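By letter and in written order, the chains are A, B, C and D; residue numbering begins at 1 in each of them.
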Amino acid sequence: MRFGFNFMLGATLTALVILAGILAPWIAPFDPVLDADLMNSELPPDATFWFGTDGQGRDVYSRILYGAQISLTVGIVSQVINSIIGVTLGMTAGYWGGWWDDLVNGLTNVMLAIPSLIFALAVMAVLGPGLPSLLIALGLTNWSWTCRIARSSTLSLKSQGYVQAAQTLGYGDLRIMFTQILPNMMGPILVMATLGMGSAVLSEAALSFLGLGIQPPFPSWGSMLTDARQLIQMAPWVAVFPGLAIFLSVLGFNLLGDGLRDSLDPHMRTRNP
Amino acid sequence: MLKRLSLAAMLSLGVASAALAEGERYGGTLVFTAPYGSSFATLDIQASPNTQEEFITQAIHRALYSWDSIDNKPVLELATSADVSDDGTTYTYHLRQNAVFHNGKPLTADDIIYSYKRIASPKNAFPGASFVANIKGAEDFIAGKAEDISGLKKIDDHTLEITFTGPINPGFPLMQNTTAIYPSNIEDESTFAKNPVGLGPFVFREHVPGSQVVVEKFDKYYEEGKPYLDRVNIVLMAEDAARDVAFRNKEIDVSVLGPTQYQAYQGEDALKDHLLEVAEVYTRNIGFNPAFEPFKDKRVRQAINHAINAPLIIERLVKNKAYPASGWLPISSPAFDKDKAPYDYNPEKAKALLAEAGYADGFEFEVTASPNESWGVPIVEAILPMLKKVNITVKPKPVESSALGDAVTSNNFQAFIWSNLSGPDPLNAMRCYYSKTQQSACNYTSYSNPEFDKLYEAAQQERDPAKQNDLLRQANNIVQDDAPVWFFNYNKAVMAYQPWVHGLVPNANELAVQPYEEIWIDDTAPASRK
Amino acid sequence: MLRFALRRNLQIVPTVIVVALLIFVIFSVVPGSFAASLFADGKRAADPQMMARLTQELGLDKPLMERFVTYVTDLARFDLGTSFRTRQPVIDLINDRMWASLQLAIAAMVFAVLVGVPLGFLAALRPGSVLDTVTMIGAVSGLSMPQFWLGLLMMYVFALQLNWLPSFGYGDGSLQNLILPAVTLGVTPLALLARTTRAGVLDVLNADFIRTAHSKGMSEAKVVRWHVARNALVLIVTTVGLQFGSLIGQAVVIEKLFAWPGIGSLLVDSVAIRDIPVVQGTILVIVLWFLIINTAVDLIYAAIDPRIKQE
Amino acid sequence: MTAPLLDVRGLKVAARLGDRAHPILKEVSFQIMPGEAYGLVGESGSGKSVTSLAVMGLLKKPLRVAGGEILFKGQDLLQLSKREMRRLRGNRVAMIFQEPMTALNPLSTVGRQIAEMFVLHQGKGWDEAQRLAVDALASVRVPNPDRRARNFPHQMSGGLRQRVMIAMALACNPDLLIADEPTTALDVTVQAEVLRLIKELCAERGTAVLFISHDLGVIASTCQRVGVMYSGCLVEENETQALFGDPRHEYTRGLLGALPRLGSRSQHGRQRLVDIDSIISDRSKLTETRFIAPRAAEGGQP
């Protein structure tokens, strides 16, 4: 029962983030970039500016709504890249084995040895700050766990009757992988991706803090939070609301991922994301 | 206008306090802060171009010239007098008889020749090489084509003749920290990086990496009766908020303030009377690349200057920690034109100018910007809605600080926002708009105006400072009219100090750098400082 | 055991080599240069001659292949090169900072273990209890929080408002300075440890041999001490090891926020000014640290679990 | 008539799910005499194991005793405090489980796991307990007991592990040994050996055995008296000979029909099993009738 509740809470929070992102153009009272009146800077929350205004005089509430779009983009796109890389490498390595498997394994070990934030930092330094670079950096850093799961799932699925049957029937390798193996490991991959969305949003915030995230004027939560650092004593609301937004959305992704994992495979509960 | 008056008043106050200073107290410890990084790169300050290391230099080292913060000009430091030849290229320096290095060696002409050669040595690639490059023969030496610098000639132990390549004022280059004089009798040069030896009022005692450098009074310092302090702790403290807390807790004696803190300190009775302000010699600007079609038209560049409400940005975003720029040369520059009005905020005029130039429907451009809060992305964010009102779309192109320099010097930008040195030497500052200056050197906006060039060349040849300044003032006004940049502001540096600290000076080059030998602390200091 | 340890250690070598090559490639195409960073603060006019001299002196004008060969041969002699900025050996700079980083990582881990493991343990022994629910909500919250935001809030409360602790810096290396950054850094491993400990202990508690232990007439306390603790330890040790390794990655942010003079902030500062040898050296050291800890974990694991050595 | 060693009276066990209690055991009653070998048979889910766990006091949530008495030497185990129960468990009543692989802690040596018994119940020091553990291993005919005591479970075969379990269970000479499917997980060849071992050791020491199995053959070869469980009820109980010779209950008959007999093997080498449901007419009515044969006056001694 408890997992049910967690899952629902996670789903609700995630749905809220998605809704905020989609509806932002209609429900946000102000433009997140252009409605900046320096005369209104650093106003505390009131009836007009629900979450107050930032140093540039922009409505924090509107910026948080629009920020949901960026956080979702970061979460989803980076995880799609992660999953594609991880599944492709893991599945082919598990299926074909041999030198390719050794190569993929070696690569995975290397990736696991570099802390992901540091690798992302290096990639961001090369590509320069900005949303596309961030998507690439985060997409390139966290695929190793997905790859491992895909590989081990493939190894165990390969020996299953229906895969062997398909092999006997002379199906091509790629066809077997995509029709027989891939659908059967989507569960754990989906769980990894959901949990990965949370860490991607956190990494975005961390990279922004290090000056390598998405840069203004895009209202990304991470950069809002970073900007707010200087203002924490004068205008704490500028720091509190983006922080809460990150916290609640990541909490949503994490609870959703936990819930998915529990419902897919109760025995996976012990493992870490 | 008011701000300028208050500056003038403050400057005179500085003079007054220096003149009236009485009751100086000897002894005690000053806890100074080095706010520009979390470490000292090296103690071999000839090797470091960073401001951060200047805090050590000021205590330990001396160069041939030094900066007089009160009179705003370079003055002789290690020489008591200098004779100048008629053509203004050869200087004969009569060195101080009583200057002694911390290792006991008296200063001689050999030390200066040794130091300048070390700085210019092609093996070292030191940043100070460009400052000694004005000495005749230095270019060949730097390029490795000569064994000696021909322009350096020792007459006797305390007389040195230096021949320069042209009639320049050698004070500006040879007062730089990177041209500090080292003793010539140290065998192993690598010890300079660990155990610096200089001519300054304080002796190096200890360096705790990542934490602080401690220096102690040098008994044989050449200036009579100085220094006052027994000890200076130069504490590394890069974070604004950290300095804020430490200053309020009276753990440090001075703190350089950022905009937010400046605003906060002004509102607090206990703090507001102990703020030292100065207009520093940096001009913040957005440079336009004339290779980008719309920026070819002077009217477009002027329109942008009219469309942005710079005073509002300075007030709200920079918290008044800046002076609106009315041209390239800053307020503290001797060639500053106090009668020249800045571009007024006038969106209608901007629209009209744009329409005249054929951009009534506007255009779009990118501003390459670093994350800096005073001259980076946040400022671009603020001008974005303002320019939108005249149909110009601005897109910030964020880069890291280290990539900004690369992008600008390789001319790879439509526009950039930066803070650039515009003093203290007005001739050197205006060099950046001389058409013969390389784009990559400092003519970032590839500025070229024959009228300007004529004035500049005349100023180069002019040896009467007043006339020279007059020429430069005219040149500056031409630049202002041509608007190769958006003139944003001149930095106002603010330093908060504890009430027991005396002798600080408004150093327009870098307020955070102070003459430690002039500073003394009074009886009200906490026990740990006495 | 010895052979196992040896084999495990040898596996590090190829990984380190590939990592070394990877970071060389990445940082050879990075935009910006050390020479350009020298005037990035706008306090000097750009000086193309000096930049050219510097580039030459640092060997950056040489062809990529030649620099690569130098890099590799130096590495083979365990020479990490010389810093562009300080002109000192990179290894000296890292040595200066290593202790602070270790201190921070160890303190964070000790905090995480001391709080996380008992909480997870108690939660597992009383599943569904208030303690369990609160711990698990706390744990998932801890994993969902941007660390530097948490650090910022703690700094605001404990340093600025209550004035209990110093907000920044290393100070004289005293415990007081360590508390805030260590606690902030420890939150993630704490949450993970609480979760894995709980899951691990629950798994063990459901194992058949625990029923056997009960059937022997053992008290709850003895069951936990003799059979649960040791078996759950395997999972805890693994988690601690993995987290300890990645702590140094996460420490980058915390060291920066609290102005802690560790190798994380050295890395970020060096990336910012493109002091490439230091960047390469720091990353290599971090990776090596991570691999050594992983190996240590494997060895401890093997010492605890007799089944591993057989494989 | 001697007093029964174990007297289970009207034992009810229920599973609490939500706010409803589902009955699992419905008034199960049986007795085991000192030294007797008593068998409980039935298909999986019939409640055999729950009965044994209830006796041991090892029922886990959501299962709990809902009524009845479990008298051991006349003392109701359900009334004992936790501490008293612990003193009894392992010491006077011991248990062997089905899976010898998972029933032993993989991270401790088997010697240590046996030694725990002596430490717990006889207050021995660890050194002495370890020595006694070697003796206990020897007593279950483990070759090289000295070396084996230092082995970890994964280094042993299934048969050896089950011997370790037996040594552990019998370490304190209990009055009653509960053997829950002790041979099910073992190879057929090892099964007989282990069974013989249990039988002989218990006979030697006069230990009564509660044998739980779904395998009628195992029960027939080891027990004097058999109870047949179905759906939480003891539906028939009798002397082994009598039960197998003359099954009275419809379910028992079905169970026996489903048992492959050596003689029934056909020429084609295929066993022909009678499907239990072809014999039983209506499963829902099975628990309505019970056949409990009275005990012979002389008790359980063979």
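Please note the rule applied: contacts are C-beta pairs under 8 Å (C-beta built on N, C-alpha and C of every residue); 3 or more make two chains touch, one makes a residue touch a chain.
Everything quoted here is computed from the prediction, not taken from an experiment.
Comparing per-chain C-alpha centres with the mean over every protein C-alpha atom, the closest match is chain C. Taking each chain's centre as the average of its CA atoms, chain B and chain C sit 40 Å apart. Each chain gets a centre from the mean of its Cα atoms; for chain A and chain C, those two points are 21 Å apart.
Averaging Cα coordinates per chain places chain B and chain D 91 Å apart.
Inter-chain centre distance (chain A to chain B, centres taken as mean C-alpha positions): 45 Å. Shown for chain A are the residues that touch two or more other chains, namely 125, 128, 211, 232-233. Looking at chain C, one finds that residues 31, 160, 272 touch two or more other chains. Listed for chain B are residues 241, 399-400, 403, each touching two or more other chains.
Pairwise, the chains that touch each other are A-B, A-C, B-C, C-D. Against chain A, the residues of chain C that register as touching in their complex are 14-16, 18-19, 22-23, 26-27, 29-31, 128, 133, 140-141, 143-149, 152-153, 156, 160, 192, 195-196, 199-200, 203, 235, 239, 242, 245-246, 248-250, 252-253, 256-257, 267-268, 271-272, 279, 283, 286-287, 290-291, 294. Residues 207-209, 211-219, 222, 226-227, 230-231, 234, 304-307, 310 of chain C touch chain D in their complex. Across the interface of their complex, chain B is touched by residues 31-34, 36-51, 53-54, 56-58, 85-88, 96-97, 100, 155, 159-160, 166-170, 172, 259, 261, 265, 269, 272-274 of chain C. Listed in rising order, the residues of chain B touching chain A in the complex are 240-241, 258, 260, 263-264, 309, 312-313, 315-317, 371, 373, 377-378, 380-382, 384-385, 388, 396, 398-400, 403. The residues of chain A lying in touch with chain B in their complex are 33-39, 41, 55-57, 125, 128-130, 211-212, 215-217, 227, 230-234.
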